[in-house]
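Listed after this line are the structures, all set down as structure tokens.
Here chain A shows up in two complexes: once beside chain B, once beside chain C.
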Partner chain A sequence: MIVAGIEPQAEMVHWWFATGVLILGLLFVAETIVGKEVWARRPWRRYLWPGTLFLLGVLMWPVMALYTNSMIHMVAHGSWAQVLMLSGAAELGVARGKLHSQYWRLTTAAAMLVSGTAFLVHEQNGWYFARAAFLHHALGWTLIGASVFPIAQAIRPRSLVAATGFACTFLVIAVLLYSDRDTAAIFGHFSQFAGLPHR
Partner chain B sequence: MSADIAHELQAKGEERVEARGTRVRLVLGMGPATALAGVAWALLQPWRLTLLHPHGQGFWWLLAEPPLYVALVGVLFRWVIAPGLVADLEAEE
Partner chain C sequence: MKRALLLAVLGALVLPASAFAHASLRKESPGFRQRLAAPPRQIVLQFDQTVDALPKAIQVFTPRGTNVAETPHAVQSARELVVSLPRLPKGPYTVRWQALSNDGHIVSGVYTFGVGVPAPPVTDAVGAQGPTRTEDLVRWLYFLGLALAVGGVGFRLLVARGPIPPRAQKRFFWVTGIGIVVVLESGIAGFLLRGEDFLQLPFSRFLYGDLSPLATGTRFGQTFVIMELGFALIAALIYLAWLTDRSAFLWVSFALGLVFVSGLSLSGHSAADAGHSWLSELADWVHLSSATLWVGGLVQLAVVVWPGWPELRRTAFLRFSRLATVLIALILGAGTYLSILRLPHVHDLWTTGYGHVLLVKLGLVVLALAWGAAHHFLAVPRIERDGVVGALGRTLVAESAVAMSVLLLAAVLTDSKPPPQPVTKTPVAAVSTRR
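Showing the complex of A and B:
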């Protein structure tokens, strides 16, 4: 249950996570531009995005605990926390040299598939109910569709198309998360059951 | 070494330098482009910046300034990440 006035609103949490995802997106784009060899020249840089991914997973736990509007919300947030941490940990292992297989990138694909499914499953309303509902559907399908990129990267680690698609996916997710409002119209549609709209 | 091979090597070298120059420009441009996107967003939707009308706003609303976050991420990327990347790209030579 959200304690009004003490806890930040859900839309704010989305914006904070959008900032983390935007950082990830920029790091992925930069790595794609300069190439893996140049990116890995400085040890700290190798840990940058896997660490950020892991941190986002850790930060998802308070979201799970504090924004439990329903059982399905709790399950969705909890599953995001787990798969983000799994993906971040696997990539940290690869960066450290403890894990060697290129197929560890499949954990990121799994994270995107689980996250996308969780978005779709825990949104009970239709696309045009309100902006938040639209964005949940859009985020869910974006994540599920874009999971093809880490799968392609696991099979062909040097694929520029897969790396670019993967990086751009995070920028798109950031834009979608920043667009979120708790109660706002979407393309002129707003259900009378969604509450009081604001800009 | 024949003149043809020397010309070919020189052309390939110039292509590599040009490609690296493009990559350097892209890396250096990412931060300012992101920061500009944040500023443009703030101009287009000034109501998203509660700092511009702080009266009556609570703590969380004053903390939540999405356009500023975007601009800040761009600035940080330019200051923290880009210089090292550019140096490493140039060292690749």
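Showing the complex of A and C:
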């Protein structure tokens, strides 16, 4: 029972990752505001968000391995761990100069598509069944829809619209993950302290 | 204002509500794998969220497969499922449960308990069939992945050490990268297949099946968790070695790889079957690690050095030949010890299924050894004398293929049960283990 002894609450884990995604979003916003050239003047800054992306992928593995109370959650967390690592690895490779083609950005688009699909596949209920279902659908479709931004960045690296859209996507995802509180009605039930959860 | 905002954020972080995932089993009575002195009157399952009782929500099976549970009902704000039981005779029992979760999903699970006897692990629950051919195949892929990743890194550090041409470097990282991905993916696949076997659910219900009894209550599951985390870390280290061109990351990943390989030895026959000891676990680890280095080295020699680094062919072949001699000695020594331990009688070789597979494996090992010996006694002196390495590339590929076939047989053996050990002392109620 070693595993059960060190397992944190699922809620906490969602919020930790929401914080990670929020940091990513803020880094993207900062890079978009100052421009790629200014951002890259300090060499370490080039590695900031790809490194965070890669680290989030590594940290997702314990979530996959520790939360085995359902097969679908395990597979979903496993897929997020892998695509986060893959996307971070490709972006780090580009930042380091190991990978040269700008089309490596498509890895991030693929990662967003896979992540979004994993969200949708592991939710069987409709949008308005409960907040959990709403969030899963919202997260899934946001990621799938927003995958056009890294595709656009691969084709037009200097596109301000694509960079802004990409940055905003991560802020939206962070907000949605922070909203992951309980099995409540869509927006009305913020915690156990607000009464019995809605069915 | 800023302070208030900060406090609000901190407050939100330290006051978690329930997760948005579906209901999880929090507590059960009798407990998971609990050995009871007296038979229980009822089964009580406590969830973290409200659940609805479905028909046959709790079934309690005798070893013969008869369900002895009465009609279950939900109680206490619908967070508990309760079922009454008749007076149970002594023996192991399997509880299969299902509940309609708050989020509309049907969650399911299995656990075992014993009345007057030890409870078996969930992998031996009533209805579980044991490892299948698909599991053998997945385990083989796991072994192959280990060889490509850990053996590949070992080859790079011990044999093909020093600066490396870009083409060979690229091939090396491709091969080890594929290896580590195969380890991670086949690890997950193997775990899910074992879970599917003990849960015995149709696919749509298996999606929401509770795998935690397997992950936390069996050596197999605990090993899966530790090895999966370990090899995810090793994947990151190998990637960092590529990104930064620093071999320090490779050294760390190699050392960690050898450590985490021991997970298989600490959860397999050498750790769970009758007659196991620290020596059997050590022998198993030596056997597995040496085989990993040998097969991984052969593949690196055939796929990386031969096509990508022609100027190192001679040196690498001679160095690997010396290393392989040591590795083969270790494989044979540890393998012989383990065979004697698992097959106490020579006739077990031809009278048991385990023995049959071992015989085929030994046949392939002899073939691989003959191949290696030909390289060692015919090719090495020629290379040392004339420096000619010509047609060796093809024979290295063939030797690698034979070595990989040996791994397939090793996978089948790992999933098979060795014949029972002869009883020499007063029988002790041993916990039944498949692994």
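Definition applied: the second predicted complex is superposed on the first by the 180 of 199 C-alpha atoms of A that agree within 3 Å, B and C clash if a C-alpha of one lies under 4 Å from a C-alpha of the other, contacts with A are read in each partner's own complex, and residues count from 1 in each chain.
In this text, a contact is a pair of C-beta atoms (placed from the backbone, for glycine too) under 8 Å apart; a residue touches a chain by one contact, two chains touch by 3 or more.
Bear in mind that the values here come from a model prediction, so they are computed numbers and not experimental data.
Of the two partners chain B and chain C, it is C that touches the larger number of chain A residues.
Looking at the shared chain after the overlay, A:144 reaches neither chain B nor chain C.
Using the contact criterion defined above for the overlaid structures, shared-chain residue A:27 touches chain B, although it does not reach chain C. By the touch criterion stated above, A:38 is placed in contact with chain B alone, chain C being left untouched.
Of the two partner chains placed by the overlay, chain B and chain C both lie in contact with A:12.
Judged by the touch definition given at the top, the superposed model places A:71 against chain C, while chain B stays out of reach. After overlaying the two complexes on the shared chain, residue contacts for A:110 are found with neither chain B nor chain C. Applying the stated contact rule after C-alpha superposition, one finds that A:168 touches neither chain B nor chain C. Once the two complexes are overlaid on chain A, the chain A residues touched by chain B in the first and by chain C in the second are 9, 11-12, 15, 178, 199.
Residue ranges on chain A touching chain C, taken from their complex, read 1-4, 9-12, 14-15, 54, 58, 61-62, 64-75, 78, 81-82, 85, 89, 92-93, 96, 98, 122, 124-125, 129-133, 135, 178, 180-183, 190-193, 197, 199. Residues 23, 26-27, 30, 34, 45, 47, 58, 60-61, 63-64, 66, 69-70, 73, 77, 81-82, 84-85, 88-89, 91-92 of chain B are the ones that touch chain A when the two sit in their complex. The part of chain A that touches chain B in the complex is made up of residues 5, 7-9, 11-12, 15-16, 18-19, 22-23, 26-27, 29-30, 33-34, 37-39, 41-42, 45, 178, 199. Chain C meets chain A in the complex at residues 12-13, 15-22, 24-25, 49-50, 102-105, 107, 184, 188, 192, 195, 206-212, 214-217, 221-222, 224-225, 228-229, 232-233, 235-236, 239, 242-244.
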